[in-house]
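I have placed the structure first, in the form of structure tokens, so that the comments after it can refer back to it.
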Amino acid sequence: LPPESNKNQIRVVFFANISHAAPIVGMENGYFSDQLGDTKIQSRVVDSGPAAIETLFANSADLAYVGPAPFVNGYVKSGGHGIKILSGAANNGASFVVQSDSEISKPSDLAGKKIAAPFVGNSQDVSLRNYLAENGLKPAEKGGNVIIYNIANAEITTIFSKKGIDAAWVPEPTATMLVENFGGKRLFQEQDIWPDKKFPSVLLVGRTEYVEKHPDIIKKWILANQKSIDWINQNPQQAESTFINFYKKHTGKTLNQNIVHTSFSTIEYTSKIDEKAISLFAQRAYSLGYLGRNGYNLDDIYANSMEIKQWQN
Amino acid sequence: MAKLEAKNIVKYFDHDGQPLKALGGINFTVEEGDFVCLVGPSGCGKSTFLRIAAGLQKPDEGQILLDNRPITKTGPDRIMVFQEGALFPWLKVRDNVEFGLKIAGIPETERHQISDRYLDMMQLSKFANSYTYQLSTGMRQRVAIARALVMDPEILLMDEPFAALDAQTRDLLLVEMQMIWQKTKKTIIFVTHSISESTVLGNKVVVFTHRPSTIKKIIPIDHPRPRLAEDETLIQYQKEISALLRPEVKATEEKS
Amino acid sequence: MAKLEAKNIVKYFDHDGQPLKALGGINFTVEEGDFVCLVGPSGCGKSTFLRIAAGLQKPDEGQILLDNRPITKTGPDRIMVFQEGALFPWLKVRDNVEFGLKIAGIPETERHQISDRYLDMMQLSKFANSYTYQLSTGMRQRVAIARALVMDPEILLMDEPFAALDAQTRDLLLVEMQMIWQKTKKTIIFVTHSISESTVLGNKVVVFTHRPSTIKKIIPIDHPRPRLAEDETLIQYQKEISALLRPEVKATEEKS
Amino acid sequence: MKVKSLAKKTAFYLAIIVVWQGLYSANIWPPSIFPSPYNVGQTLWYGAIDGSLWLGIGTSLWRLAAGFAIAAFGGIALGIFMARVQTVNETIGSIILGLQSIPSVAWAPLAIIWFGLTDAGIIFVTVAGALFAVTINTYTGVKSINPDYIAAAQNMGAKGEQLITKVLIPAAFPYLITGFKQGWAFGWRGVVGAELLFSFLGLGFLLNIGRQLSDVSQVLAMMLVIMIIGIVIDGLIFKRLEDKVMARWGLR
Amino acid sequence: MKVKSLAKKTAFYLAIIVVWQGLYSANIWPPSIFPSPYNVGQTLWYGAIDGSLWLGIGTSLWRLAAGFAIAAFGGIALGIFMARVQTVNETIGSIILGLQSIPSVAWAPLAIIWFGLTDAGIIFVTVAGALFAVTINTYTGVKSINPDYIAAAQNMGAKGEQLITKVLIPAAFPYLITGFKQGWAFGWRGVVGAELLFSFLGLGFLLNIGRQLSDVSQVLAMMLVIMIIGIVIDGLIFKRLEDKVMARWGLR
């Protein structure tokens, strides 16, 4: 059974995406360990938001950096008790990429096409399915004619390169890699279709039980998170190479500097939280049937310990 | 004094939802040290009676008294020997013989002493470490008898123990059985479908009627031992039993 | 003229890597319309000879000539009837009988006409739509014979076809077999281990020696038909064959 | 007796639902981990209404059917080949036994790489699951054919293809059915496993959606559907086929 | 004869490798899709050297052992219970047959939600795969015990736990072994399938890494390892156990 959460350790999960630079840089530069002192940090890289939420629910992690859609799903599924938002981490950083030799230029061209997005319930998946729905298209499993593949980013890359799919709604650096290395064409960046031309893409969320038991540790973590974000914004170039190092360590693959640079430039690192956008994600997820059929509410999504509140914007 | 007393034993079975009356009120008495043979048409309920006496089944009416106390459950004072021996194929001969002792928690050395004695009596010492499939049918039946004797029961209940044997082996065991009885002074109830077997072995032969069966007659066999299957003087008994059984067997055949 | 001529047939088998000489040079001639019975000790190679004649096996030396042409492969001019009939359990009686015709591509109506005739001859018409497991052993053997006759072979090769039958059924079929032979004028080679059967059926009885077997003697049986198993006049032949076989059977037993 | 047993069964299933609902109401586990029978029923109901359930079932069954058909034909051919040609048996035969011990899901990664996320990939996994069971049973079946059947058929002129279709296959049919039963069970495992991993339509995909949305109702609903399909195919198709063949062979 | 067959086999395996290498060299498919035997061997070699292979094998085997042990104990208990108590059989028994037809991977999503990404979750899937096969075979085994054995044992004083351990289990043992064999095969499928889906250590995880990196050498290498483990466990453990028991029962 999963190890007990205790005061002497904190377990955190995040992805190897560029939008997750905050935890990555924080770990690489030692901001978290400096802040937390004796508390041991266990970090783990997961594939997707749903996997991150799974890990939290399974009491195998205490903190997670995830997109708003998986957060909302986890929050609603746990009756509003299981997880809480602690801070923001990034906005933007996802694109819709099509095969450059494909005829796709407008939504109606997507009929009959194969499109990939990472995992059901992930933020890109929600955005993609919402985009299709808004344009009157239905996925194959509901009897429509658009086939959606929910697979890991690495596999999206492979299959895209073999022309096994026509398009992909993916986070960075995958999106730029598809464009630069595998003959993809960026149809649009996701923020382009948001009302404010930006959307929250990474949130820091915590397992409620842990957050309530260890507010002091959480406080320190949030501080370090802020420090990491600030550093990224001040040293973009160094942040890029930190990411490249990390990526090499994690996957064994060396990322092209260009790709990382392009990716970085699309993302905004911030701890601010766009509440309106989160409820829009929830609304979309609900209409996709992801949140059950009995309504939902987002009244209590923030960790409500006063001590923490003051560190939130 | 009566060792065992059957009092109006009635037993029903369920046959496809219909009740079938197998035993229709069995009454008879077995004295201490008696050798009683039960004969009757097939399916009349001899085995059923034996199982009730062993406490493995319950009668629907009546009761069997053992030393004047009603039998309520099975116990090692009445050990049954089955037609095929019911030896455990996963145990060696010695372990088969010692099974009941082990269950009773008797320590190993003592167990071995006891089993050695009976293996010797049954001329099986050389096969103590064989598995049962390595024995002939006759040897297996001797193991079954040894396994029963080891328990030192007051009553031995034997259900056609020699039915599966060839003629020669059976004749040998008929003589051995008489010797065992004389040596051990056990009370024995012995079911057989062979009339000759019943006259060779029994002090009394109890003849069952067809189903629902009752006791038709009890025939005392007065004849010196050891008796042999060929004994001409036994023929008169055999004829009498045959005559008693014939209408019962016929009735059984007509019913089915 | 000789219908079939065995010329110095030799056959080896591989027994755990060792060659075993089954047939040691078989020579004999079968005339057109002959009814030849082969007898010999068990394992001497009678079935092997039959399979070679059917073209299902190849001899290691020598050859069998059919109408003066060496046999090279199996064919419907020589149909074999097996001991257990080798009927196909997945086919109805009629389909079993028609099997060879179907293989030959004969259209359904014609097939039915032919099979009807032989089913009638074998008194099986009522069972045309039964599966073979629904028949008695004797009926099954008749189906096997019908299946063979339907092919209208020049030679019928029968390998102990009556061995599995009870005495009454066999006696019946012995008579029927003779009638079939007289009606159809087929050449028949018939293997049996029953000396009486061989004298009842055969015009000639061919006696094999033990392995590696050769022909010990060919005995012509001159006796009017239909012959019955009880015919006393056949006894002299049977005694002769018995006497011929006795040392061969003994030699076979000593070897194994 | 039968009525009593049916009553017991009904009572038992009702009891399960009641206990389940009771546990749910007792709130020992959060509803996200332990949904009520009503939730599960609702999930099924909505799936049935919006058609996604039927689509999923249809997709999975079509893949199963395609894969099974290939495995049955291929397995029979391979099995007969192995049984009739000693060298084939000594070589290919020894590999088949090894391949049989690979779990069918383990073929999925290879299938994804070779075939991509296509029906072909999932069918490949299904075939890999079912093929060897059919092959091995066909082999055993053909090996156990009474040699007199074959001799008799050859003697009556059967050879080549006719020998195979008119004698070898029907004679080995009881074994073939065992092979089909095992093969379909492994194939079904392959379909569901591959759909889970490919996440490309079908019941396994719906199951995976349930997993990724942490939607236990969906997961349980899909398991129920998978179980019912298993029972139905086994009971309706294969059990009946078996009974029929056994009756014809005079074995029952 | 035996030597000849062995020679044939060796020649055949060599031929496979040669043809494989030939196909590779012919460059029909890109090496990323169709690696050479040398690549696969290299992958295995590196895995063996850096220890990840042994760790994977160890992890998978430990999960298999744990799950199988639970399934064996639970299955025997459940099977005996079903065989000896009519009501249990009429109720739980009917469910078991249904559960048996659920592919073991289909339990994985539930296991993930309930147990998280833990050994316990994978073991749960293994148990779900193996349990019912052991149960059903134990049930059949106990039902087929010669009733005289039980009567004789009771008559000699055996009851309760002694009756179970000294008579029911040994008497049903040939069936138990069939159950174990089926159970382990399903359990092994469960382990590999769950590891693929959980992606949490073990051979299935290594297979999944190969998949995600589109590293066919890694995929083939791991399939080879999974196959060899399957053959070894089946041949060394279960075949021997079976032979021994069969010999003791006088059945061989």
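Order of writing sets the labels: A, B, C, D and E. Residues in every chain begin at 1.
The rule is simple: a contact is a pair of C-beta atoms (placed from the backbone, for glycine too) under 8 Å apart; a residue touches a chain by one contact, two chains touch by 3 or more.
Small disclaimer: the values here were computed from a predicted structure and weren't measured.
The set of chains in contact with chain C as well as chain E comprises D.
Touching chain A and chain B at once are the following chains: E.
When you average the Cα atoms of each chain and compare centres, the chain farthest from chain E turns out to be C. The highest number of C-beta contact pairs joins the chains D-E. Chain D and chain E touch with mostly matching residues; of the residue numbers seen at this interface, over half occur in both copies.
Centre-to-centre spacing of chain B and chain C amounts to 52 Å, using the average Cα coordinate of each chain. Distance between chain centres (mean CA atoms), chain A to chain C: 84 Å.
Averaged C-alpha coordinates give centres for chain B and chain E that are 48 Å from one another. Centre-to-centre, using mean CA coordinates, chain D is 18 Å away from chain E. Within chain D, residues 33, 112-113, 208, 211, 214 each touch two or more of the remaining chains. Residues of chain A in contact with two or more other chains: 54, 57, 155, 158. Looking at chain B, one finds that none of its residues touch two or more other chains. Pairs of chains in mutual contact: A-D, A-E, B-E, C-D, D-E. Against chain B, in their complex, chain E makes its touches with residues 146, 148-149, 151-158, 162, 166-167, 170-171, 173, 248-250.
Across the complex, chain A meets chain E through its residues 1-2, 47, 54-55, 57-60, 152, 154-155, 158, 251.
Listing the residues of chain E that touch chain A in their complex gives 112-113, 115-118, 120-121, 199, 211-214. Chain C meets chain D in the complex at residues 51, 54-56, 74-76, 78-80, 82, 84, 86, 88-91, 99-100, 102-104, 131-134, 147, 151.
Within the complex formed with chain A, the chain D residues making contact are 30-33, 42, 46, 50-52, 55-56, 112-113, 116-118, 199-201, 205-206, 208-209, 211-215.
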